[in-house]
Amino acid sequence: MQTTTNKLKIFNDPIYGFITIPDSLIFDVIEHPIFQRLRRIQQMGLSSMVYPGAQHTRFHHALGCLHLMQKAIQTLRSKGIEISTKEEQALHLAILLHDIGHGPFSHALEQYIIEDQSHEDLSLALMNKLNLEFGGQLDVAIQIFTNQYPRKFLFQLISSQLDMDRLDYLKRDSFYTGVVEGSINSDRLIAMLHVKDDQLVVEEKGIYSIEKFLLSRRFMYWQVYLHKTGLLAEQILIKALQRAAELASYGENIPMGKSLQFFIDKSNLRETDLEVILNRFIDLDDIDILNAIKAWQYHDDFVLSELSKSIILRKLPRIELSEQKFTDEYLKALQTGTLQVFGVDESNLDYFLFQGKVKNRTYNAKYGPINILLKDGSVKEWLAFDGHFNSVSFTEPVVKYFVSYPKSLKL
Amino acid sequence: MQTTTNKLKIFNDPIYGFITIPDSLIFDVIEHPIFQRLRRIQQMGLSSMVYPGAQHTRFHHALGCLHLMQKAIQTLRSKGIEISTKEEQALHLAILLHDIGHGPFSHALEQYIIEDQSHEDLSLALMNKLNLEFGGQLDVAIQIFTNQYPRKFLFQLISSQLDMDRLDYLKRDSFYTGVVEGSINSDRLIAMLHVKDDQLVVEEKGIYSIEKFLLSRRFMYWQVYLHKTGLLAEQILIKALQRAAELASYGENIPMGKSLQFFIDKSNLRETDLEVILNRFIDLDDIDILNAIKAWQYHDDFVLSELSKSIILRKLPRIELSEQKFTDEYLKALQTGTLQVFGVDESNLDYFLFQGKVKNRTYNAKYGPINILLKDGSVKEWLAFDGHFNSVSFTEPVVKYFVSYPKSLKL
Amino acid sequence: MQTTTNKLKIFNDPIYGFITIPDSLIFDVIEHPIFQRLRRIQQMGLSSMVYPGAQHTRFHHALGCLHLMQKAIQTLRSKGIEISTKEEQALHLAILLHDIGHGPFSHALEQYIIEDQSHEDLSLALMNKLNLEFGGQLDVAIQIFTNQYPRKFLFQLISSQLDMDRLDYLKRDSFYTGVVEGSINSDRLIAMLHVKDDQLVVEEKGIYSIEKFLLSRRFMYWQVYLHKTGLLAEQILIKALQRAAELASYGENIPMGKSLQFFIDKSNLRETDLEVILNRFIDLDDIDILNAIKAWQYHDDFVLSELSKSIILRKLPRIELSEQKFTDEYLKALQTGTLQVFGVDESNLDYFLFQGKVKNRTYNAKYGPINILLKDGSVKEWLAFDGHFNSVSFTEPVVKYFVSYPKSLKL
Amino acid sequence: MQTTTNKLKIFNDPIYGFITIPDSLIFDVIEHPIFQRLRRIQQMGLSSMVYPGAQHTRFHHALGCLHLMQKAIQTLRSKGIEISTKEEQALHLAILLHDIGHGPFSHALEQYIIEDQSHEDLSLALMNKLNLEFGGQLDVAIQIFTNQYPRKFLFQLISSQLDMDRLDYLKRDSFYTGVVEGSINSDRLIAMLHVKDDQLVVEEKGIYSIEKFLLSRRFMYWQVYLHKTGLLAEQILIKALQRAAELASYGENIPMGKSLQFFIDKSNLRETDLEVILNRFIDLDDIDILNAIKAWQYHDDFVLSELSKSIILRKLPRIELSEQKFTDEYLKALQTGTLQVFGVDESNLDYFLFQGKVKNRTYNAKYGPINILLKDGSVKEWLAFDGHFNSVSFTEPVVKYFVSYPKSLKL
């Protein structure tokens, strides 16, 4: 008799073809409102203002990670690494939920909303909440996620320079933006994974693939994630929220949903208990932000409406990106120009003229080394190879400075 | 000296690689708020509830159409068909704007919102509005769009069974859903276009390609566009809006944005002039609808909150799809069950138990015939070929009936 | 300790990414000269004269089949169908070797070379030969291949209307020719496989996918496999071999390799024992044929050199393809014209003027029915569904007639 | 009336979709036997022994280059660079024919066959031959090809670090091998081309794309073109030809075709005039080489048959690749081992134990600089940018040493 239940589901994926849900617990977690919320959070925030194809969601990315994790487990087992059924399920859960604490839009906005809590902390809090509901079935997943599980390589599959998260998001973001240069061969990278002394390692023949992977990531950072227009839109979004908070703190009526209102008033973060914050948090998604911005276009406050319009109508100010710091002289000239052109109060200057910096490291030891398994069985850090590229260029952060000012300003 | 201006822009597209903006008028039209609004309207409505990759927007689709139109013009010119620079620009404008009157979400919802006006009428009204702003530069585009331009094949490139709209949306929707079976070879179809006696025709060698194209379209209808879950979500969305309107008409406070409020109150459509309607319309997009639905989850009215939750939490009722009409007996049993299970008032029954039908024609002569240019120079309708498939199966509409009722109901 | 041996190999594949060799027996079979020979036999014969990308080999196709078989086994097991490790390996071997008896170039040429033996018979003979060498390890594979194994669905994975062979070759041939319309979703088809009463069945939700699959196959036949130019090139190749055989039988010196010489002389097929034939056969590949044709361009015999040149220089005669039989009158006129134009002996007329027919069935019950597993657990043949297409058009063979004659001939 | 002639042909291409033949002269050149010969020369030589998908031909690559050239011309014209119709056709011809002088298999084998003549010289000789036949219509193409045409950027489209040849072969080879990491975005690179002071330049926003392009090329070199197994197969092939020549020079009968025989006997290259050499050359392709190797498997000479078998049966000896030179000690040990294991004459040692080196430069100034057009209109060499990678690593050649010896040898 046919025993297929609805729970053995497959999802269509333009990248991997099909993504299979491995068991009914995973199915139930995906069906949970906390996970379904990820359908309303775009993976790449405002990058779609530059790359119109970049509309994919964190929901889809999380499923993609689940798929790659299944492949990684299969590969490691075929090489004789034992992974129990329990560990397997825990890995599936941990990778599926690794981003569950992401707020709407970008990391930058998130920091504004949740301030002193990282999205990893929120992910953990939400995983704990789910664990309660699912009667402890997420115990091992949480141990792995928090790196408290004895076998360390399991954590590295979730969080390291070669984790399944990166392997999916680089491939997926490259695919949807159409920036094919950023594409990575996640299949090949997974095929070369191995475990040695409880560490995730890469077989020696993969040293060029690692280099290629790191360079693709680097390319994506400068060409896409830190593209100046996307960066600018994100900054404007934060400015708009700051202005709304400022006006609200004076008692002005600023239209917005209840959950956004909750986070805009920073005092709430201090006063309430975690459960209340979490419940507000899981009600908050891209829709709330965009809806508020749409409404604020028509607000009486010039600053708020200008910032909001510049996003909705895509009439962004000018931004310059430079490898050198901008001179005080230049910034002073911009300041004078901005005050004259807009005729705004000096107190509002920061909304129309602002600067900052972005940086990225190609190889980031903060997430642990990438280790290579030599043919003789020994292990050596990838960076330590007689690389054909100066290793400093991989480990040193690249910093860029930006300044934004009104488009009508001519110096 | 370098004369590249920002206006000669290219867009990345995962499907075609790059989409080039041919001139500065087209650039300015794309930059216009009326067009930018399409960034906030998904091409496939709620289909992403079934196919998580289907997040692409009407903005991106319109750019895709522009790209195919450039190719079609190039092909026809290479075959000796003269198309003036003016006609070329008009074709670009007409295809870019052909969907400008689309409301948020699906056609179904649109019909609820704009009632007796088709989205083509609204597209025309918005094109006229733009034409005023651009000092008459859209005159020819509008003539072509309304089929008043003397050369009829230009209209057929915009609207026919082989128009650039279909060639892009089938390819794009297939790509983003990952339903590769629906993919069409738009390149080949365009390469075989020709013009004979002012009619768009397809060269004889293309008869199998036409068949394949029609069957791909048919596949997409039944597998994707009319997928029962997507269909259901759409019906629920309309029900929620109807309920909100009903409650609002009793004077209840139903949270929603001003533009949605405008359309919810049907009396507005009759009383105000077109300009007012248009201004409200171009402020309305997916964000407004989703934001309202999110808020309505928490409304006191059981019906409104149930319907809204079922979308946001993706807890949809059951739907059955059948090639036969459901019997009165069966429907009666469902009715009894629904009233008992939910214990709702009979007056609200229609919100929880409803039926309808969907249909699709593989070959739809309403949009004009597909004509084949034989090697001897004569023209013959595609359908008239000694087809290997019974032509009736192409022209006869396929009808399917659906009924939806609470999930907890067991018969 | 690292235990990876060279035998756990992966192959790069542009279509599936990676193809994994599941165990060392499979590895050794792939390394065997009998299998390596497939590297020198193109999958699509002379189709590359029409589609220049179609250069892929039977070697690559066989590996692709192996990959799909691994997926199919994984799917069926996940649905509770037990497949033992022994059966699994046998399925891998059987699908890998299903085409091992293919001769160089097309089926047509093959029939000329091996006459009364099908390539399936030769495949079996070669499998038996391998089985001897591998000490009986292919026993079960051979039982499955010859449909003598008790569990019948295993045979159907190797040979039926939905076997892994078709699922790979349609996808692969579509990919390499660039005829994207012929592409099938082998992932989805495999995901819907199930077993009921020892029969391979397809889950009900797959009925449209089956239709799409059959129509893609049909498209590939008429657009690619039976493309008139490819068909013609193949006919010319056979004619050249026939002419060479004819001349050789008169004692003329016709340069060619020893193995080709063996098969050209038909008396060899009757006189020698199978072992001798097999040894000659496995030495014969595309290289022998093309090399002979290249040499024959310079032969004194006008017929042989004309035919050979027309392939090497791609100066093919004219071919007409028609759904109706050509009239005697028309054929008579062609005959008169051909004799006059070429001034050849009437005895050689058949080399320059020839006709024939090709046919294809969309649904071919000869390979068993395609059965659908309904939601209630019952099984129904796909054809028996209230199809939207007349089922006759699926089961009735489509026949086309062709005639070829010199290009310079004008009627 | 329909005026489409057969000459306005399109080719299917899995990569670009369709490749259009722009005019009838180009069509006639493609139809010419000299060009048709490229159908029988694989682009990647013996790489298919490692990457089974790599079966594409130089014919297909040349068509791909033609396609990219059409795009490049379109881009440059859209930026205001005038290119006359005559220059356009010349560019098409020059890129189509840039590789026409390629011999069978790899560059390495080619050097053995044509010794002191580069394939560029042969390409030129063949272009001159064609020019005669086509009544001088290739005059401008030849001027551009030899860099004697006044406008220098036209030459750079044919031959430079960013020529259309590289843009196609990297994309194509990456595609067919399935080594997706090597894929480049030829569309983006072409979209950023410009001309300044008669030099081909890249717009400033392209500096990361250039880096990515160079690194992809570098990846393809080490992962694919110089893959140790492919490299080894190529060396063995050369050894086999050398052995055949050696034996032939002693008067032994070595079966092979006439044209190969011509090139094997080096005295022919000195004695005859160019026309004779060319006629032999255009008769020589992969088929001749493979056919000879197949036959030589059965030759009495142990060396010749061993070398030939190792290719046909893919039983290759061992190869080691190292960034350091092998020590004399190690090589001596290998020598002793090889003589003992094989028991061959010391005079034949070089056929079974040989070494060499390969090198590659990521950025090769020999082909001219890559120049970047800054926003202020000035030009700066790409290398001179404050690169994030040490520029030395780009310009310095990477050298690797290899040694090959019998597989049975264990040290």
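Letters A, B, C and D mark the chains in the order given here, with residues in each chain numbered from 1 onward.
FYI, a contact is a pair of C-beta atoms (placed from the backbone, for glycine too) under 8 Å apart; a residue touches a chain by one contact, two chains touch by 3 or more.
For clarity, every value in this text was computed on a predicted model and none was experimentally measured.
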item: Most widely separated chain from subunit B, with each centre as the mean of CA atoms; value: D
item: Comparison of A-B and B-C by number of C-beta pairs in contact, larger one; value: A-B
item: Euclidean distance of C-alpha centroids - subunit A vs subunit B, Å; value: 32
item: Chain centre separation (subunit B, subunit C; CA means) in Å; value: 43
item: Numbers and ranges of subunit B residues touching at least 2 other chains; value: 17, 179, 185, 188
item: Subunit A contact footprint on subunit D (complex, rising order); value: 179-181, 183-185, 188, 208-209, 211-213, 215-216, 218-219, 222-223, 323, 386, 388-390, 392-393, 398
item: Subunit C partner contacts - residues on subunit D that touch it in the complex; value: 11-15, 17, 31, 33, 36, 39-40, 42, 48-49, 51-53, 55-57, 59-60, 63, 175-179, 257, 283, 285, 287-288, 290-291, 294-295, 312-314
item: Subunit A partner contacts - residues on subunit C that touch it in the complex; value: 1-4, 8, 10, 17-18, 20, 78-80, 185, 187-188, 191, 194, 196, 203, 373, 375, 377
